[in-house]
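Given below, in the form of C-alpha cells, are the structures.
Look at the two complexes coming up: chain A is in both, with chain B in one and chain C in the other.
So, the complex of A and B:
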C-alpha cells in the first residue's frame, strides 16, 4: 500500500498529474460535503425565519469561543473516535460492521456493571477493569456476527443490525430491572446507580469537561496505526479486505482474521460506550446513546479508514455537534432543522466517499501507479 | 502512507478553513455585548422531548410561551435533549448569562445539582425536581389536593358505594392522583369501596375499555381516570355501562357532555409561569415549591347541570376547608 514508488525511475508526468488529481479529490470531497450541507442548511434555516449567518455565527462560537467549548468538542469527539477506529479497522478487512451501536450498548452495560461495584479498588485498577469489561461486552457482540460471516458467510450487515436492537433492549431490561438504582424510590428514573468515584475518568483540562478518555482515544489511534501499517497482522487484515480469495490462497487463516477484526471493532465500540459512561454520564440509562455507533460509520468513511483521518473526522463531527447545539439554543434554530443539517453532512460525506472510491480519475491514478511501480 | 498523512493534513486544512469562514463574525458577538449591558431578565428552558408532543413537554412549553408573552422577557429553549446532554444543556444557557434556567422533568435533578454551584448568579428550577440549593428550586403540583376533590365528587355522586380509579403507568404522578382520590372518597364515606387499576399504558384505548367494563361489572358507577388517549376507550365503555366519569389534566367536558361530571385540571404551565414571575420579582427561594389549589395551577373544572347543587355546595365547602387547613392532605413522600 506504500504509494511512494520505490527509488528507480522517476514518475512519469502522466502519473504525477493523475496523482495530483487524486490528492485534490481527497481534499475537495469532505470539504465539499460539509460545505454542501451547510449551504443547504442555510436555505432551511432561512425558511424558518432565522438569519443563517447569525445561526452559523452561533455555531462557530459554540465550537471555538473558549477553551471550554473546545474541550466540549473533544468530549463529543471521544466516543466517535474510539468507535470509528474500530470500524476503520474492520472496514479495511472488507467486513461491513453496522453493529457498533449494539456493541457500544453491550460494552457500556458490562463496563458500567463493573464500575458501579463498591469493591474498594483504587482508580488505577477500577478504571482499566471497567474498560476491559467494556471491551469484552462489545467484543462478544462483535464475535457472533464475525463468526457467522467468516465461517458460514452470513451477511454481517443484516446480523449486526439485528443484534443492535437486541442489545439496546437488553440494556433497557437491565436499567429497568436488575441494575436499576433505588427501585423503591417513587421518582426513580430507569438508570443504574452512579459509577464509583474510583471508576470515573479524571478531568484532564479543568475547568473544561475534557476527560482522560480522549487521551485513551489518541493512544488507541496510534496503536491501531502501528498495528495496521507496521505489523504483519495489519497487513494480513488489509489483504483479506483487498481480496479474500487471494489472501486465502496465500495461506492466511482468513476465518480467524475476520473474527479477530470483528472482535476488535466490537470491543472498541464497547470501550467507547464505557468511556462515555465513566467520563460523562456516570450512570447507564435506557437509550443512552444518540446513535453514536451509526455516526461513527460516516466518520470511518470520511477518515478513509485511516486512524489519523478518523481522528480528524471525529473532531469535525464533535465540532458540528457542539456547534449545532449552540445554534439551536442561542439562535433559535428548530431542533429538527439542526438534525437535518447533521444528517446531510453524513449523507454528503458518505456519498462523496463512494464517489471517491469509484471516481475514474482515481482509478486512472491507481492504474498509472501500478504500471509504474 | 504518504497519501494517508496527506489526507490527514488536508482534513485539518478543511477544519481550519471552516474556522476561517466563520471567524470574521466572532468579534461582534452579541453574548459579549449582553454582558456589558445591564443584565436583562432572560429565561431558558430545557426539554427532554419534543415541545409539540401534546403532553408533558408541550405543557411545559406553554408555560415558557406565557413567560415570553406575559412577562415580556427574552426566552430560549432546547428540546429533545438526549441524556448525553442534560448537564451540558443547562450549562450552555447558564454560561450565556441567562437569569433563570428551567429543566422540564425529574431527569434534570442530578444535572442541575452539579451545575447550579458553578453559576451562583443563575437561578435554576427543575420541574418535579428532587434537589434544592441556594440557587436551585423545584416545582411540582400538589396533585393529591385536586384528586381529593375528585374523590369527594365521586363518592357524592355514586349510588352503589363503589368508585374506581384508572391510571396509565404506575409512576409517581399517577400514583399520587390515585391516593388523593381514595382519600377524598373515604372522607365522604369511610366505607366506600375504591378500586384502583393501572393500565400499564397511557394510550391503549382497548385496555381502557376493558378496565372500565370490569369495574362496571363489579358495580362501580363513577370512575376517575388519569390517562391520555386510553380515555377514548374508557368513555366508550362508560356510555354503555351507565358509568359517570371524572376527567384529568384539562377540562374534558366537551369530549362527552353526558358522562363527564368534572375534570381534575392539573396545569404545570401555570406553575412554571408563576415560578418564573416570582423569580423575576426577586423573590426566588431555593426550596421545593408545591402548587396547590390556592395557586390556580390545579382546580376542578366548572360543574355543569349534571351535578346537583347540593353536591356542588359540599365540594366547594371541602375546597374551602382544604385551603383554610381544616382538612390536611398528605403529600406522598418523594
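So, the complex of A and C:
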C-alpha cells in the first residue's frame, strides 16, 4: 500500500531514491498528458488553416498579459477546483460519478433560492446559509444514484448522466417559472432576480474579479486532504475503492461509506454551482454552466484524485479556458478546442496505468520495494 | 367523430414513435454487439455525435444523402477504432475512456463546425426523404405507421433480424459472445479475443454513426450542436432493458421513441404541465425503467474487464 510509512527501520537509500522517482513520475505524467494534448491540439488548429504557434501565442497572452487576466484564471479555476475535489473523493472509492453537472445545477438552484431572499441577514450568515443550500441541493441529487449503486449495485454512470438532463430541465423550469425575475415584463430573460448584496461573495483582489470562493476552494482542498489521508474515514473510503470485497470483509459498512462519499461529491458540486452564482454571475440563468461538471472529471483524473493535484489541474484548466477565449477572439480558433484537450487528457490518464507499468522508472521503484521487503 | 380524431392522433403518434426510435435502435444494436463481446461502451453517445457531423460532411462533400450515411459510419467507426485501441491495446478503464470519448466527440465536432461556420449556422445538405413502400404503405393504419418513413428507418428495422441471426445463430456470433462471457476460454479454443473486440467496437461505432446520420440527415438536413443530447445513454439503458436480445432491445427503443413522440405532441396541447417537464419525460422514463430492470443479472460475465488480465 502506497503512502503508509513502514514502521521500524528507516527505508534504505535505494528505496528512498526509487520512491522519489515514483512520485516524480506521478507528478510529471499529467503534465506530459497536457503537453501531448496541446500538440494534438496544434495539429487540429493547423487543419483549420490557422498557424498553431500564432494561436498558442494568443492563448498565452490571454493568460499572462495582466493581473486582471490572472485573476480571471483563478475565477475560472474555482468551480472546477471545488467540483474536482468532490469527484476525486468519490473516484477514490471506486464510484464513477459523472453527474456533477446535474448536482451543480441542483445546488445552484437551492443556493440561489436562499441567496435571493430579502431576509435582512448579515453577510456572515447569508453566505454560509446559501452555500449550505447548495451543498444540500447537490448532495440530495447525488444521494439517489449513490444509494442505488451502494445498495443495489446499479450502474452509477447511467443514472447520474440521466439525472443531469433532468436537473437541467428542473432549473430551466424554475428560471422560466417560479423564480423568474419580473415575470410580467415582456422582455424578461429566463433568470432569477439578482442575489442579495448580503449573499454576494466579496472580491478579494480588486480590481480583478477574484472572489472569496477561491479561498473557500483552497480551504476545501486542505480539508479533503486531511479527511482522505489523515482520518480514519478517508482510509476506509479509499479501502472501498481499492477492494470493495476486502473492505466489506474487514467489517466496514461499505454501503454507508459509498453513499456518504457520493453525497459529499454531489454536495461539493452544488457548492461550486452556488459559488459561481454568488461570486460571478449573481443570477441563476437557464443553462448557465458550460459543462463545468464534465470538465471537472478531467481535472480529478489529471490530479490523480489527490486534492493538491486537483488544485494544480484546476488552475491549469482555468488558464486554458481564459487563454482559449483570447485565442478565439484574436486568432479565430473556437474555444471548444479546450474540450478536445480535456478529453485527450482523460485518454492519456486512463492509459497511463499501463505506461507506468511499462516505464523503467517504476520498475526500478518496484524492484527496490521488493528488495526491501 | 371523436374516435376519428383519436385514431388520427394515435397513428401519427406511433408513426413518430417508430421514427424517433430509429437513432436509438441503430446505436443500441451497435452497443449490443460490443457488450456481447465484453466491452462496455459508455462512448456510444460520442459515436452518435461523431455520426451526426460525419454525415453532414459526407453529404456536403458528395452531394448525396447516401454519401452522408457513409460519412456518418466512417466517423463513428473511427471513434470505435480509437476506443478499441485505447481500451484493448492500452487496457485503459472502459468507463473512463467512454466518458472521455463523449467529451472528445462533442468538443471535436463543435471545434470543426465552428471553424467552418463562424456564425454557427450550417448550410442545408441533401437529406433522406420519405419513401412509401409499394403495397405495404397502402395497408390502413399499419402502412401509415411503418411504411411511409425514410429509408434509414427501414434499414434500422431490417437490422433487428439480421443482428439476431448473426449474434445468436452463427458460429461468428457464438465466438463473439464467448469473448464477452469468458475471454480466456474463447482464447483456448482459438478465438482471437483482441481481434473480435476490435471488430465489435468498429461495427458498433459504425452503427451508432448511422444513428447520428439519422439525426442530421433523416430529420433536419443540417447540423447543429446538441442533436444527440443523451440518446446514446438512452440506447445503453434500452440494451439493459432488452436483456441484450435485439428484438427486446428494439421494443425498448420503441417505447422510448413513443415516449419522446408523446411529449412532443403534448407540448402542443396546452396542457397544464410545463413543457420543461414534458422535455424531461423521456429521460425520467429511461431512468425509472433502468433502475427497475437493470439487475436481473444476465449481462455478459466478462463485460467491462480488460483482456488479457495482465
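By our rule, the second predicted complex is superposed on the first by the 304 of 373 C-alpha atoms of A that agree within 3 Å, B and C clash if a C-alpha of one lies under 4 Å from a C-alpha of the other, contacts with A are read in each partner's own complex, and residues count from 1 in each chain.
Everything that follows uses one rule, which is that a contact is a pair of C-beta atoms (placed from the backbone, for glycine too) under 8 Å apart; a residue touches a chain by one contact, two chains touch by 3 or more.
The model shown is predicted, which means the values in this text are computed figures rather than measured ones.
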- Message: Output check: A:56 vs chain B and chain C. Expected answer is one of first, second, both, neither. What do you get?
- Response: first
- Query: Which of the two partners, first being chain B and second being chain C, lies in contact with A:276: first, second, both, or neither?
  - Reply: first
- Item | Touched partner set for A:309, first chain B, second chain C, both or neither | first
- Is A:351 touching the first partner chain B, the second partner chain C, both, or neither of them? second
- State whether A:30 touches chain B only (first), chain C only (second), both chains, or neither. first
- Classify the contacts of A:343 with the two partner chains as first (chain B alone), second (chain C alone), both, or neither. second
- In the superposed arrangement, which partner chain does A:332 touch: chain B (first), chain C (second), both, or neither? both
- Query: Can you list the residues of chain A that meet both chain B and chain C?
  - Reply: 332
- Query: Which of the residues in chain B end up touching chain A in this complex?
  - Reply: 1-8, 10-15, 17-19, 22-23, 25-26, 29, 31, 44, 50, 76-80, 82-85, 88-89, 92-93, 95-96, 106-107, 128, 130, 172, 175, 332-334
- Message: If we count contacts the way the header does, which residues on chain A are in touch with chain C in the complex?
- Response: 44, 48, 96, 98, 148, 152-155, 157-159, 161-163, 165-166, 169-170, 172-173, 176-177, 294, 297-298, 301, 332-334, 336-344, 346-347, 349-351, 353-354
- Task: Could you pull out which chain C residues touch chain A in their complex?
- Result: 42, 86, 90-93, 95-101, 103-104, 106-108, 110-112, 114-115, 118, 229-230, 233, 236-237, 240, 274, 276-277, 279-280, 283-284, 286-287, 290-291, 294-295
- Message: If we count contacts the way the header does, which residues on chain A are in touch with chain B in the complex?
- Response: 1-4, 22-23, 26-27, 30-31, 34, 53, 56-57, 59-61, 64-65, 68, 72, 185-187, 189, 209, 229, 276, 280-281, 285, 287-290, 302-304, 306, 308-309, 311-313, 315-316, 319, 325-326, 328-330, 332, 335
